[in-house]
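Both complexes shown next keep subunit A, but they swap its partner, so subunit B is in the first and subunit C is in the second.
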Partner chain A sequence: MTFSPVEIASSAVLIHMLFVLVAALLRRSQKALIAVFSTVMTVGSLMICIAGAMTVWDGATETRVLSMGLPGLPFHLRLDPLAGYFLTVIGLLSFFVSVYSAGYLKGFIGHRPVTRLAVFYSLFLAGMSMVVLADDALFFLISWELMAAASYFLVMFEDEKPDNRRAAFLYMVIAHVGAIAILLSFGIMAGLAGGFESFDGYTFDAMRNVSFPVSWATAAFLLSLFGFAAKAGVVPLHVWLPEAHPVAPSNVSALMSGVMLKTAIYGIIRVTFDLIRVFPWWWGGLVLTLGIITALMGIVYAMMEKDLKRLLAYSSVENIGIILVGIGLSMVFLSFNMTLLSSLALTAGLYHVMNHAMFKGLLFMGAGSVLHATDERNMENMGGLIHLMPWTAALFLIGALSISALPPFNGFVSEWLTFQAFLLSPSLPSPLMKLLMPLGAALFALTAALSAATFVKAFGVSFLGKWRGPQQRHVHEAGPAMIAGMMFAAAACLCLGIFPTAFIDWMDIVPEQLVGDRLSVSATAGGWMWLTPVAPDRASYSGVIVFLGGLAVNLLVYFVLHVRPGKIHRVPVWDCGFEKLTNRMQYNSTSFAMPFRRVFGFMASIKEDVSLAPQPAHAAFPRRLHYHLRIRDRFWNWIYKPVSDASFWVARKVGRLQQGRIQAYLIYSFATIIVLLLLAVI
Partner chain B sequence: MTGGPILTEFLQIMLLLGAAPLFIGWVRTLKCWAQSRDTAGVFQPYRDLARLFTKDVVLAENASWIFRFTPYLVFGTAILAGGIVPMLSTDLPLGLSADVIVLVGLFAISRFFTALAGMDIGTAFGGMGSSREMMVASLAEPAMLMAIFTVSLADKSTSLSHIAEVAFSSQALLKPSLAFAFLAFVLITLAETGRIPVDNPSTHLELTMLHEAMILEYSGRHLALIEWAGMMKLFLFMALGSALFFPWGIDKSGDLSGILLAGGLLTIKLGVAGVVLVLIETGLAKMRLFRLTEFLGSAFLMATLGMLSFFILE
Partner chain C sequence: MDIETVASLSSFLAALVLLTAFAMLVQKRIYSLIHLFAWQGLLLSANTAVVGYVAAKHHLYISSLLTLSLKVVLLPYILHVLIHRLKIRKEIETIVNVPMTMLIGLALVIFSYHLTAPVRELSSLVTRSTLAVALATVLIGLLMMITRKHAVTQIIGFLAMENGLFFAATSATYGMPLVVELGVALDILIAAFIFGIFFFHINTAFDSLDVEKMAKLKEVD
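Let's look at the complex of A and B:
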């Protein structure tokens, strides 16, 4: 007997839910708990991945109505190719991360119980899959909240540190402000679909069957964009991301950055392309502009960051921007009815969704291994890890190459497709778009180049050179399970980079259903090896040949040069006769980023203090130099601080009402009744 | 027909390998003449390379595999790039596998690894070079992409062979967008190949180094590979400029006479390019590092203006 994808997916969700009970029983034996946990999570996420992949492969849509929910408002499930695609992304990365977790969690044995981590991890996975599966506003929001709450507890895992509590609180606040906006957006759409007096419009199906008036549709779109942008970390709603992602355990950071942000992308696509369907071009322009600003700001902040995990979190902000650029372009093209180009841009965006999940998952797992081994997140104190952790270093390097969009890895493919979409945009009829497009392409190119610089810094400072910290710690390579998890992700990065045609062939049912055109016919016109998005003489790229060609040429040169055995002398590094070189004299993260601070520093608020401590006897020879650098998001001072100050101010003013005396409260109630009566009379 | 394109490809790579040191020799000779110095002859780069290849390698104690792998990668990507840029003919089998964005990506990957190699030893100079090089690249690379995009928009393709063919047949060299793109391209060529006023290839003063600081620790055959790849990069940029803006004479059919003609014209173009390069280099002084942002910023701006004028005017 065979199971349909939706059955597989929902049983996986059930497994994740039931695991919570098992975890409660196993909490006394942490070792057994970790073993059961990683097995169940691996199996569950594999099931989710398979269900998603099958759906996309078949191009079929399945729906179910559950006999659960509120009276008269049952939950609806629907697994269509779009949902399937995101399920595949979620399942695949969760699978890799769950394998990794088997090793990673062992590090906690003897320090702290991981029961809470296991429980919320599993609920978190369930929540993410449910968000994608939901087909009505009610179930969607419940799943959304499950996901948010579970991730809140995961961020709070090490709750004895004040930073973690602060980060989790900030995350919760922004997540909820966003959730309110999403709720309101669904409210508008449901009201228009089923009338504001009834609840009939709450299913997505009902919303799909209405054509919304432009004004209401715009309101719903803006609200949902705001809500999803808060979750995705779109500038200026990104401030929670570099706080929350670094303090969570690294396997959770991998999932949060890799896939949780993508559920927000899913939300944007679902609402605009599927529920609203028809929209004016400026919506796309808005998404595109937001995407470009997010990408640029994200990478500039990442460049200046010295905390490895914060750097990765800021780079997630950047990548969300890149995805939004693809989606925005697709929306612009669609609103002018250029379906093939729209499909190209959407494919680029969706491709990057998958790519970012893979390499950011890989990088966070790598950072987790480093953190695990060195107990250090600050890159200023790292260095030379490539000698102590060769596997982690090599795998992290693959992640760094992929995220820097270097051929033949996967980041390059999606960036290449996005560039192609930009280059095909002169055919747009709108003059404003014609102005926006070149600027967008320019800033997009700038982002790509900056991300290479950022990851040269991240890899170079933490893995190369010599140890910069106060004393050499006992650093060890990550365990086999952790390396296996990272290896899978690295292999995925390479495969997605060299077989783009196969991947696009598989996934292009998604853009076909959303924008009404498919890429695979033209994309594979030149054979499976060449990716030709529109036409072979327009542009073509073959990852396989670039990869194999590069490999062959390198090997050839290597062997030609090694015919004659050359001698290699290992000597101490040349110190120009100075003889007092210390490891602290190496370039570190702050000094590497210094030229970038000079050029792009205006985007952040930077406070630099240099002070000399003089030596009493010899004023010309200062004893010590103190250098203090503080870099903050400009948005803190621009937006968040005024808002939080204002809310405190209002709270204080309102607080004056609280007298603590029963007489005063009685007067309040009396006055209220009088006012209400007066209103009733009028 | 069969084997013809592959032969052309092979010929082109051989030309790149063989002629790149000659071009550098030509530039150095011209420079010596311009500064009224004695020259070492146009063949000195060959003697330098041969010398380096026979020497032993001296490696710092904590050099990792990245440091040893980088020279091969840098050299390999330069050769691969030579298979993409139409120098003699546009009929290149590799041309279909990699377009101009891939070409920029190939330069980026070799830069990525060179910068890592600079940080591998853990000296201050290496890190300084890497940091500066990446800063320059982070502005130069998008400018280069934009300049090339402007051309590719005009020719409706990102495939280099196709661009060269279309640009050859269309007479419109005096479009404002292309003029902007060309100016930007010249500035970027100076930046990307490490010439004055961005970087000084013959400097011995560590504090002013960019590219040289990263490869300070290399020796023997590793250094030879990197030096040779650097020469090939300059040659490739010249060939790229020729293919994008002056594609006259680049062969389309793949027959021998066409290729010979293309070779002859390429020699003339390179000779002239060398003169222009030397005039720029002798006429300007090296800029301060933080003045470079203005230089690169204007390149970026011009390239963007080129694309903008294409969108608005054409």
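Let's look at the complex of A and C:
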């Protein structure tokens, strides 16, 4: 007996939903709850992953009409290769994170009940899969809201801290503003597809069969881009991301950063490539520009951050930018009918979706292990963790190498493909695009370099050197389940980097269905070992050879340094004659970022205060130096503060209506009735 | 009785209802207010019976009996008990003075007549001329709630409004279906009980039934 992918995926969603009931029954015994939770989540996410992978493999599209929904408006499911690809990403990372959670949640035993975390984690996974499976506007929005609401409660998990409540509120507000825009966008498309008086146009199928007039299509596209950008964290709608991701439990941050942001990318691709299909070139230009700005701003903020999880959150902003660059390029090429290049750029974007899910999941899990062990998020107070947590350090290093786009890891492949797309842009017929593309490519390269610097900082300051904190804590290595979860993700990063041709061969059906051309013919022209995006004489890359070469060099160095005896002398650090070196004198996060702060500081609002407490005897030798640094998003003051001030102002004015006297309220109703009656007469 | 007589009888009763409404608007003593409310109920009940007779709608007799038992006997009794238990003796203060209230009431009556003029022209019902009175009774009930400070009088204002609505239903369409009327009657009864319970709670919490005292519950400064 065989099951079709859509059956497997929907039963996985059902399992996630039913787990909520089980969790309610098990809440008295937290240990049993965690055991059942991790088993069910692992199995469920594996099912989702398998269903997605099978769909992409077969290249088939399956649809189902559920007998649920509103009267006359049943829910539609559709599992096509695009949905299957995103299901694979969701399922794969949730699988790793669920394995990790088995260990991570044990840390809460005795501190706080995890029932709420387990329930909303499960609903969150179900919501994300449903978003991807939905094939009508109604079901899509319901799933979208389920996902948003579940993640809101996950961010609120440690709700006794005011920071968490504030972050969750901010997240909720931006998520809802975005959801309204998406709703309006679907409203426009459904109205044009089925007439504004009927509900027939609400299925995606109806929208696919209509060719929209350009003006309305533009309105729908801009609204949906705004809505999905709010969820994806595109600058300037990214402010919730560095607030919400750090305060959520680390396994949830891994999922939110790794896959929840991707559902927004899925939404953008679904609406533009699948529902609207035909669009002018400036749409792609807009997405591309937003992508470059997002990538650059995100990484500059990440560089200046000293909180490890906030740094990772800002880096997610950057990676969303990179993905958008791929998608934007693909849109530009497609609107000039250059399908092969469009397919290349879309492949690069989708590849990066998978890659970012893997390495950002890995990095957040690593940060979670560090947080778990040291109870510290501030990198200024870390250091030397490589000796205390060797496994976590090694795995975090793999994540850092991948995200810095260093071969042979996976980040390199997708960014390299994006660069190939950039380098082929001179063939575009539009002179404006021809002029702008090199600038974009340069900024993109800058982003990649800054990202590497950021992760040198993140890894170096937290894991190398010596402990900087006030006192040495009892730091322990993460448990076996946590290590296993991270190891899977690290292995995925490596495999995606070494075997890109196999991966592109597998996922090729997605760009083929969306833009009408496949990359795998030209990409694998040089055999499975060589990735040749367009032609072998133009550019080629072999992950295997780089991996083997790197391995050989590393082994050689290890051999030279360690195997020959007596060659390593351990001596104290040279202190330039100053005899009282302390751990606080190490290079730290703020000092590492200082040159970048000087150069790119204009992008953030930085307040730097240095005050000296002079010594009465010798003015030249100050007794104490206070250094105070505060870095904030510029957008906070530019956009969010005026909006929030204005809403408070309006609220205060409206609040005057509240007199506290029944008579006043009665007069309001009385006046309303009289006015309405008067209108009836006139 | 011929149609003409019935029509003038109905109009006469309507005029009396309006009179009681005005009397309630300016009555300061709480016991007299309850008596006036009972009188209004009695007039309403009589009017319903007359309309039921002329329109040959027999369910209106039932609703007339219901009105009699509820609004003339039961509700005034409950209010009496309430006032007795809560030991309310003092006179009721109004916010706006009596002549002013009367003038506003008059304006409302004129407004109602103006408003229902198109309906009167189109309708063929015997009772069509009383619709304006019904609307005026509703508006005066609302006005009464606005001008009084005491919680009990506000409830009486509310019940007077309900009387007006009931009157409007009988005069505009010869009454609502019986099921609806039974439902409304039950609602009123339950509302009276809930008000009673609330009064006790308000009285214990604020040591007074003056709604002005509740102003400190508001959130905005």
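For the reader, a short list of remarks on this structure follows.
In the analysis below, the second predicted complex is superposed on the first by the 640 of 682 C-alpha atoms of A that agree within 3 Å, B and C clash if a C-alpha of one lies under 4 Å from a C-alpha of the other, contacts with A are read in each partner's own complex, and residues count from 1 in each chain.
Following the convention adopted for this analysis, a residue touches a chain if its C-beta (ideal position, glycine included) is under 8 Å from a C-beta of that chain, and two chains touch if they have at least 3 such contacts.
Keep in mind it's a predicted model, so treat the numbers as computed, not measured.
Here subunit B and subunit C are compared by how many residues of subunit A each touches, and B touches more. When both complexes are overlaid on chain A, the residue A:Phe412 reaches subunit B alone and has no touch with subunit C. Touch criterion not met for A:Thr501: it reaches neither subunit B nor subunit C. In the superposition on chain A, contact is made by A:Leu446 with subunit B only, not with subunit C. With both structures placed on the common chain, the touch criterion links A:Ala680 to subunit C but leaves subunit B unconnected.
By the document's definition of touching, of the two partners only subunit B reaches A:Val553; subunit C does not. By the touch criterion stated above, A:Ser330 is placed in contact with neither subunit B nor subunit C.
Contacts of subunit A with subunit B, set against its contacts with subunit C after fitting on chain A, share not one residue.
Residue ranges on subunit B touching subunit A, taken from their complex, read 53, 56-62, 64-66, 72-73, 75-77, 79-80, 83, 94, 96-99, 101-102, 105-106, 108-109, 111-112, 115-116, 118-124, 126-128, 130-132, 134-135, 137-139, 141-142, 145-146, 149, 152-153, 156-159, 162, 217, 220-221, 225, 289-290, 293, 300, 303-304, 307-308, 310-312.
The part of subunit C that touches subunit A in the complex is made up of residues 95, 111, 114-115, 139, 142-143, 145-147, 149, 154, 211-212, 214-220. By the touch criterion given at the top, residues 383-384, 386-387, 397, 401, 404-407, 412, 416, 419-420, 422-423, 426, 434-435, 437-439, 441-442, 445-446, 448-450, 452-453, 455-457, 459-461, 464-466, 526, 529-530, 536-542, 545-546, 549-550, 553-554, 557-558, 561, 566-575, 581, 583, 585-588, 591-596, 598-599 of subunit A touch subunit B in their complex. Considering their complex, residues 652, 655-656, 658-663, 666-667, 669-670, 673-674, 677, 680-681 of subunit A touch subunit C.
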